[in-house]
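Notes follow once the structure below has been shown.
So that you can tell them apart, the chains are marked A, B and C in the order they are listed, and the count of residues begins at 1 in each.
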């Protein structure tokens, strides 16, 4: 919704593609000039001609990428904000890991097979399913036990569980001025992970409670200021590295999802090469964007500003990909 | 305080009724044009003539309702924002439950007697006492043990304890345009529930720590966007249902207090049919009100706007009750 | 950074003294008119002549005080915002405790020696090191065991661990109008303290996890409104008491760092007599400053406003010390 709101704030007209029966929020918040209802996002390609006739620019977000799949993203003919080629690199955990390692980031260890588990691991399933079904295991035995209970049949990854606080860092990189901006930080609000701690340890054990990681929302945070230089460096490395991976490289909004341990080491476990829900607390600007801009600058609006400036400079090709 | 600030922003003069010796915040934040100090809110009826002479409109909040009692609310002669008849429905747990069930919401199971406890339950005492004294029990034995330690002699309810994250959804419904708005979300900040998790499990057990639920404040959150259509539906059902319960039905600000479990089921355990403290993070607007309004719109200001528009349209009776 | 941003908003030019290679955030957020890079903050005194030539006013923050040491602060010749004499009182835990007790605040019990530990204590090391290395102990034995693992050789204090939620209260006191303002509240985001609760109790015990308290950021909160009168009183007592301790007393921004227990008792464990990072969520104003000011008022900007008003009234000496 901040994509739509931001576009309107920058003077664009907005079209929202939305599943049938789910239009209410867009109507109530008055952010869409036009709403197109679909049964399924796979209908996108039927709509594309209409979008192209209206000179629409597609702004991809997580659900859009997840529903369409990265292969179909490559077939988009309408104007598309951001580099399509980079989406494959964020969609596949092995490629993503290669990218982040190449950028010099610190990553949690990955175990090839369950038998190798020698510390606490988190078992994550492929695809942007909002963390649903993830679980912890301390040993091969515990892994197999919990897998039996699991309903997911997707590919999984066994990732070292870093004990530390989750921090999601939101960036924006423009190819118009080649500048990297820090847009803000958040932590996810996960069910039940962010509530099991509210139950006394004894009661947890009595009730046999285990942690799950379904994303339900986001909580705004600010980062310890002395860590900011490092955050800028991490963001820049990821951009530099991306330019070797896909023509055009990464630009626009992106997010590094990580853990900060008690020794202030940043472990990155994921990158999202697009706008993420963690910027939603900042519809009216974040503590960081208020430093740089004397107007409310959400990540959604920053995208629209990038496009607007590209049009003004006659460099629209620099924001499409 | 946002009620007073919001009223001033909409051009009203404000009167604050406040306990003796507690005026400092209202003075410092410059939100009250006039402060009336009372020894006890029961003095309200002595002041009523003065309020009526000044054409004051009473805006009820939680403490006001709690101190006065819903029976006395019915006797208010001054202009009163909101439907008085609905307050009884939120003040009595049995009536409240009937209302929410009628609205089709999912509710935690209620156990009639301690002997029926067959899972983790939370024991809640009647009245808006900010969660003080609530406790968990896993069995009839544990219930009786903790009741011996309890100092409360109020009626209690045995509610299934849903493991999931607490989310408080804030709404506003106006009878002028019959529109429902989502104003934002928060989670309560409870002592010690929101800090026991900061103690390692082993230390908790060593120190014999148990969870308590005293409300100390509120933390802003945003909700996973794909859940918004459901939230609008829940809010609308509650309004529709209320119209059968009390003449005029529910309007103005209200709050659904619930738990979102890992399968994204919303369990509602309470409704507040008035402005609540969970809207306080949003004195300058929430990420949601900034979508709809191009000005800072707190829930307090939204009330004042509703009254102002009613006066302008000569429909003041639509916001009084 | 909000100090620099706030100064610019009030029409001042800004100079930022910064360690070499760490200038990126100040450049990106465009808050510094001039950046002076140093190898170490001890070089401050070499720069002082230049600062004095430019009529700069030094605004001390936590890292500045920590790097320079309170003894060197006394030797600052340039104009310095705030009372230098009070910094010694916050820098030494024993003097700080004397101050807070004199102000009538409730403090956690202090144990003189490890053998006296008869409840859960938190072991804190002197100096503003962001909570790194703090640990819990339930007994003398546990204390000695964990001390063996500790890498810190600093003086420590054995403080009763109060079970309750951490709340940091931010104040501003101006000597121009002798008014105390509440600027907002936050909770720290600590690694791993704020994430161990995300791990189910059984898994914590299996993995042998212990709590650590490294500050990584801050989360905005609002306080239960009925507690505000008490918060104003606590702030005022601390100011009144400070006037006996150091000529000029405490003024400008300060922070009371405490725990609110389930019976709503405030335990204060520390005071910071300067701007702290906990005000960073409020670069664009807090829910409290938006009540009083009809413009975005961060704590950084409030400092600049104080200086500006002092200059206008020709009372600059009232904000220097």
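Operating definition for what follows: a residue touches a chain if its C-beta (ideal position, glycine included) is under 8 Å from a C-beta of that chain, and two chains touch if they have at least 3 such contacts.
Since the structure is predicted, the reported quantities are computational estimates derived from the model, not experimental observations.
Novice: Mind listing the chains that sit against chain A and also against chain B?
Specialist: Both chain A and chain B are touched by C, going by the contact rule given at the top.
Novice: Note whether the interface between chain B and chain C is symmetric in residue numbering, meaning over half of all numbers used appear on both sides, and answer same or different.
Specialist: The interface of chain B with chain C is built from mostly unshared positions.
Novice: Quick one: how far do you have to rotate chain A to sit on chain C, C-alpha fit, nearest 5 degrees?
Specialist: Rotating chain A by 120 degrees superposes it on chain C.
Novice: In whole angstrom, how far does the Cα centroid of chain B sit from the Cα centroid of chain C?
Specialist: Centre-to-centre distance between chain B and chain C: 33 Å.
Novice: Which chain A residues sit where two or more other chains touch them?
Specialist: 190, 194, 196-198, 201-202, 204, 209, 219-220
Novice: Mind listing the chain C positions that touch chain A in their complex?
Specialist: Result: residues 1-2, 5, 21-22, 24-25, 28-31, 63, 130, 132, 189-192, 194-204, 206-207, 209, 212-220, 277, 280-284, 296 of chain C touch chain A.
Novice: State the interface residues of chain B toward chain A in the complex, per the touch definition above.
Specialist: Interface residues on the chain B side: 119-120, 136, 138, 163-167, 179-182, 185, 187, 190, 193-194, 196-198, 201-202, 204-205, 209-211, 219-229, 232-233, 259-264, 285, 287-288, 290-292.
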